[in-house]
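Just so it is clear, A, B, C, D and E label the chains in written order, and each chain counts residues from 1 on its own.
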Amino acid sequence: MAQEILKSLKAALWFMFLTFPIMVIKVNTVYKTIEWRWMNMIFIGVGIFVGSFIWRWLLNRKDRPVAKKDFVPVSTRVQAYLAENPMAKRALQGVLLAALLCFPIFMDAYQINIFTVALMYIVLGLGLNIVVGLAGLLDLGYVAFYAVGAYTYALLNTTFGLSFWLVLPIGGALAAIFGILLGFPVLRLRGDYLAIVTLGFGEIIRLVLENWNDFSHGPSGIAGIDKPDFFGLELNLNQMTDAIYYMMVAFTIITIFFVGRLQNSRIGRAWLALREDEIACQAMGVGRTRTKLMAFALGATWAGLMGVVFAAKTTFINPASFTFLESAIILSIVVLGGMGSIPGVILGALIMILLPEYMRSFSEYRMIVFGGAMVLMMVFRPQGLVSNFRRKYSFHGVDERLGG
Amino acid sequence: MENILEVKGLTMDFGGLRAVDSVDLYVKPKEIVALIGPNGAGKTTFFNCVTGIYTPTKGDILVSSNNGSAVRINGFKPNRVTERGLGRTFQNIRLFPNMTVLENVMIGKHCRLSAKIFGALFRDKKTRAEELKAAQECYTILEKLGLEKACDELASNLPYGDQRKLEIARALATEPKMLLLDEPAAGMNPQETVELTHLIRRIRDTEQIAILLIEHDMKLVMNLSERIYVMDHGQKIADGTPMEIRNNPEVIKAYLGEDIDA
Amino acid sequence: MKKLLLFAVLAAMFVFAGCSQKPKEEAKPAEAPAAEAAAPAATGDVIKIGVAGAHSGDLASYGLPSVKAAEFVVKSINDKGGLLGKKVELVVVDDVCKPEVAVSSANKLVSEHVVAVLGHICSGATKAAMGTYLAAKIPVMSPSATSPELTKSGEYPNFFRTIAPDDSQARLEIDYITNVLKLKKIAIIHDKGDYGKGLAEFAKGFAEADKKLEIVLYEGITPGAVDYSAIVQKIKQSGAEAVLYGGYHPEAAKIVTLLAKKKMNVKFVSDDGVKDDTFIKVAGQYAEGVYATGPKDVSKNPLAIEATKKHKDAYGEDPGAFYLNAYTAMLAITNAIEKAGSTDYDKLTNALRTEDVETPIGKIKFDEKGDAIGAEFSVYQVKNGVYVEVQ
Amino acid sequence: MDYFLELFLGGLTRGSIYALIALGYTMVYGIVQLINFAHGEIYMIGAFTALIIASVLTILGLNSIAILVIATAAAIVYSSAYGYTVEKIAYKPLRNAPRLSPLISAIGMSIFLQNYVLLAQTSDFLPFPRLIPEFAFMEPVSHIFSSAELVIVSTTMIVMVLLTLFIKFTNIGKAMRATAQDKTMALLIGIDVDRVISVTFIIGSSLAALGGVLIANHIGQINFYIGFIAGIKAFTAAVLGGIGSIPGAVLGALILGWTESFATGYVSSDYEDVFAFALLVLILIFRPAGLLGKAETKKV
Amino acid sequence: MLEISNINAFYGNIQALHNVSINIKQGEIITLIGANGAGKTTTLMSISGIVNPKSGEIRFNGEVISGKKPDKIVQMGLAHVPEGRHIFPYLTVMENLDLGAYLRKDKENVKKDLEHVFDLFPRLRERKNQQGGTLSGGEQQMLAISRALMARPKMLLLDEPSLGLAPLIVKQIFDIIKRINQEDGTTIFLVEQNANLALKVAHRGYVMENGHITLEDDAQKLLVNEEVKKAYLGI
């Protein structure tokens, strides 16, 4: 115990030293005054002293050998239970759906709006999950495709007056084309190089949007984009918020449905295999180029679709919405939730979007907590919140299962 | 072409190093052929050239196509080679560890299936039927190899010997005309090796496919193969029946070493 | 243990969700007396005014002063008994100057039933949010969104601002260069941002229309870049006699410093984003002689003196950017409510357009489009370390 | 010709700064195969520490050379301490985690550190005191190449040489190379790999701090956000040169600096970053391992 | 000298070693034979501290070393030549050897040992300025052994030194192994798949199967043991 205290004491002293210039001294270079904030040092010292115990305790827990040989994580057990009990699964789906549908009745426009945003990020996360989680291609420029979709709608709508529903597929398709264009040259690159090239690509798209005034209206952006129309109905603000919310619910369900199917299809298997072992996968007859491009294109499609929705929802877009941080957030959703896992991505998106949003009360501390939480999450649960769960086949009742 | 695989003057250079030096080899349908030689002789490199993982520096690799004509497959990507009917396993097991056993085998089936994105998304009748058929065929393959009980296990959870078998199952799922096995018995204990010998022979007999294998276990090689090629330092130094090889002084000197009497 | 962790995260989420459903607590202004805050004010007893802008992130220094300004105004009103017999309450939301966040923020303000909004700070965020406010019939007054489109397009009848739009600034700069400095060749540089590039575009348009100035260089720089010497060389190469810069002071300071270090004798004319004391502090001796346009000098305006003093007393330093504009906006809004005798949208906007109000930037009211009549720009020059009005 | 020379020198200065930061990226990557996204923030913290210490000393009235030395030393000490601590907290527990986890952790760390400085100090740009004196002998050429630029370029060059010698000849330098090439073997010959990794972070962070002080002095102002762009650029430079390779990082940084400088000078600064990234994409397409990177041989 | 008692080691959830116990006396050559994947390498990794056994104890010269960091174990005089040689490919032969003596402070003796190593393997002297990665397989194995010797170990752990080498080279290397044992008195723990070869140089041998030690005997006896013959010599 004494040793533990000593360790914490050391940690506290170290951090007091570490944070000394930045936390304690505040210089006003104009009036040439120095403010000494010694209280901060005490806070840090006490905070770290206590935090250090918790940190070590958590680390120990994590490293402790698993006692039972057949230990199965909770999330996997839940998933397995649901897979084996279709009734329970249906029931859970029903409850969730009902909750989603009833949500606007109990909540105000602000809450609905926040939830709509969260749903959008779920869809974006699921889209990126195809590229990163399933196919194992680290993409740091995902937001570029989002931008492609958004600008497609913004430009087509403001110049030609094309409607939301018409542009939606166009935006998706255009993003897919961009996905393939990016995919081609970078296929040969491995992990980290792929990451930096996609990051560069994302930046290039944003910079072009910023600089090419004649095309994109530059940094001042495009305003006055039409909201989506719903069967020509005249909707007031609240109704519109609800309508977009329901549209996003539908969108999310369709996406979950499609991504789920993709995952358990011939193509989905090929992605997983490619992620696991590229060479073996090729040797088993899977075309690498084709499969990777397909992942890029499909991932981009969802980003493009969401881009269109984004432009229609905010009615104004400018390049500032498509920065690297945005890509990083979407990527974090995927990794935090658990790569390749649909429930994981959903949970990840809810946490990443709702947490900072509801933390708005702490306004200025929001981002620091966000950053810190990302680190802590990775340190204590690097595989993500939800473990990937593979579908099982039963060959006695093979017909019903596969047919379903 | 009457041979299922014909390799002529295959040469592979890595930088200045010549790993394979004008090797000739052929395999007839339904034949079991072994490729042996000391470690570092270039056997695996030879395999990798044939299966498209490396593009050989020189030489021809010919595969007989369905209508009997020969197709030169040099520089084909591995998946195209597989489509041509060459299935393979790896020296150091390369399964997809986080996929189930059945899924591993179904990857082998990949190139024989046709479902596209549309099919995946909407799961139409044709796709469903295809998936069902594929899953059942894969299951049948697993049954043949005695792995059907483990079909929902993750590949990484299988015992070592079963992982080796799973690699073979996966290669079989590509519906090959010829199977290339890279040290299938490596790491197996004697009983397992005996079982493997039977298994390989059974596969040849029931599936009617040719087998080319690299192996160190001389007992297995001598038992199983109809013809043997011997490589050393990138060159082919001998070929013939097991009997011939066993008595070839060149082989004994190069491969077994002079004072190693194992 | 994994279950525990998961549970903790979820629990944390719900706690936060719970917090946010009690917005009254978070929204009360810091200065409000404790007794008031404790009183459970029903919606009918208070008048809520929204304050929106960037309060965190890299643009926070443009948004936070407006919150402080709003707090001072509200405090003095409440001290005098409030508006129309009710207390005034602020609802502060942070939009980080991002359009998508601005929409959420606007939604939040609408659901809080604010009667008017002070904000947003950035033009982009403002444009994104305006639709929501328009649909909810809430007047919005920005202290800093200068995009001409906001007023000139006529799309936002509920928009007002206490700062002049970019085009008038650009006009003034071009005229000053042409007529007062009597130069012929200019380089127009901008920071690729919404504000800077917008202004540069206008300046370019005016110069081309006038045909009196030759634009020898028109380019954007990347804010935050490690070094600007290449662009400075290029200015030198272009033979420009003056640089017209559209953007904010950090980059301007870097360029001015480099121009001086390279011993180049060019005039530097910039905008309101540079007419900031920080610029002089940062650029030091090199700031000397720089021209910048900015709102008319109000240093003698008693209200401005009072507003500045309040800030100094409370925080011990000079107020930041757009502080006076925000102060003005808050006065204008509260005055309009008072004069209209109601918080009804039509009456309120009408009052804004018809009733004069004394503010730190002078006596103003708003024109049909929402621009403040009386908020004008003049040209300043740095002399002996301070901005001095030269025109 | 003069114009060309000026752009060349400008690019050299810029490239030198990138190089100082890129070295940290490349060294860390070489040893732990991790893109240390928080490295840009370490650079920023270095600059801030120098600013704070220098301001305090200015107010206390020390002479400028003493201030320069003390502030730089403080920046290096603190940046190293931050680099060391960041590694211990955010990366070390993740040594055996899936590949993407440390990357996310690094992004989180970067956001955390930015906001830490923002909250503890300010979001405003702060004027950085001019510490590097104007040398009299530079006077004739100061219009194209200032004293500060001379200091930047020469410091970078000296540091580069010292670092190369350090890596090549010292025991710990050899241990670093050994660890980079084969971590298991390094352990087996008795190298304390954890310590080597710490040393790598410390050296990388010191260089970044030096870069931070130099550039802050040159540009004259800093805020909490300066690390982000510099970090991305330096990382691009490291990849361009072949990540993991020390001469590669320097080469990549200089090429990047010149590309940006010449692109601005001869084309347009509107697309300066587009050129930089396009160059990166092109080089990686034709040389997937970067200019001086070692192509990985596929082993089957 | 080295006592391994009842260690259990895991990779993830898979148990690689089950109650493994091995005893090695000073000056011996002990061999551990077994098929690929039997757990031989894991045993060595546990000794040198790369793998942490979950239970059991390893003592070296009476001192518990399980749970210690690898560098501490090397410092105590245990040198490990891993399977696959693990030469630092971009370092020269000299640098590789220098690193072998990384923990040593006695610079003078290091120089002497360098000469000793070059005497054992004259080929390395010829190639001392060449990069490790450009050496042939046999030379790399020589370098790997020499590098370990540079630590002046009391005990040498050798993992599959014959792997992938031509018979002639293997013979050379095994001769040197014997010399090191006889002339320098270094205790040697040899892990081999080539049982025949290993048992000929060793004093005693252990047989490992699926993570269990199944046999332990004098090498000569093991050589003629029918079980071993059948299982591992493929006869």
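Here, contacts are C-beta pairs under 8 Å (C-beta built on N, C-alpha and C of every residue); 3 or more make two chains touch, one makes a residue touch a chain.
Keep in mind that this is a model prediction, so the values were computed, not measured.
**Q** Looking at mean CA positions, which chain is nearest the middle of everything shown?
**A** That would be A.
**Q** Measuring centre to centre with C-alpha atoms, which chain is farthest from subunit E?
**A** Of all chains, C has its centre farthest from that of subunit E.
**Q** Ranking chain pairs by how many C-beta pairs touch, which one is first?
**A** Max contact pairs: A-D.
**Q** Could you work out how far the Cα centre of subunit A sits from that of subunit D, in whole Å?
**A** Taking the average C-alpha coordinate of subunit A and of subunit D, the gap between them is 29 Å.
**Q** Could you put a whole-Å number on the gap between the CA centroids of subunit D and subunit E?
**A** Once rounded, the distance between the two centres reads 42 Å.
**Q** Using Cα averages as centroids, what's the distance between subunit B and subunit D in whole Å?
**A** Averaging C-alpha atoms per chain gives centres 49 Å apart.
**Q** Could you work out how far the Cα centre of subunit B sits from that of subunit C, in whole Å?
**A** 71
**Q** Going by the contact rule already set, what residues in subunit D reach two or more other chains?
**A** 118, 126-127, 270, 273, 298, 300
**Q** Give the residues of subunit C that touch two or more other chains, as numbers and ranges in rising order.
**A** Expected reply: 56-57, 60, 192, 220, 281.
**Q** In subunit A, what residues contact two or more other chains?
**A** 29, 211, 279, 364, 367
**Q** In their shared complex, at which residues does subunit B touch subunit A?
**A** Subunit B residues touching subunit A: 51-53, 77-83, 87-88, 90, 94-100, 102-104, 106-108, 110-113, 115-117, 119-121, 123, 127-128, 131-132, 134-136, 139, 148, 151-152, 154, 170-171, 173-174.
**Q** Contact residues on subunit A for subunit C in the complex?
**A** 28-31, 61, 73-75, 108-114, 117, 210-211, 213, 218-221, 223-224, 227, 236-237, 240-241, 310, 313-318, 320-321, 350-351, 354-355, 357-361, 363-364, 366-367, 380-381, 385
**Q** Can you check the complex and tell me which residues of subunit D touch subunit A?
**A** Subunit D residues touching subunit A: 29, 33, 35, 45, 48-49, 51-53, 55-56, 58-59, 74, 78, 81-82, 85, 89-90, 93-94, 97-105, 107-121, 126-127, 129, 232, 235-236, 239, 243, 270-271, 273-274, 277-278, 280-281, 284-285, 288-290, 296, 298, 300.
**Q** Help me check something: in the complex, which residues belonging to subunit C touch subunit D?
**A** Of all residues in subunit C, those touching subunit D are 56-61, 192, 219-222, 224-227, 229-231, 233-234, 236-237, 249-250, 253-254, 257, 261-264, 278, 281-284, 320.
**Q** So in the complex, which bits of subunit D are touching subunit E?
**A** Per the touch definition, subunit D meets subunit E at residues 171, 174-175, 177-178, 181-182, 184-185, 187-192, 294.
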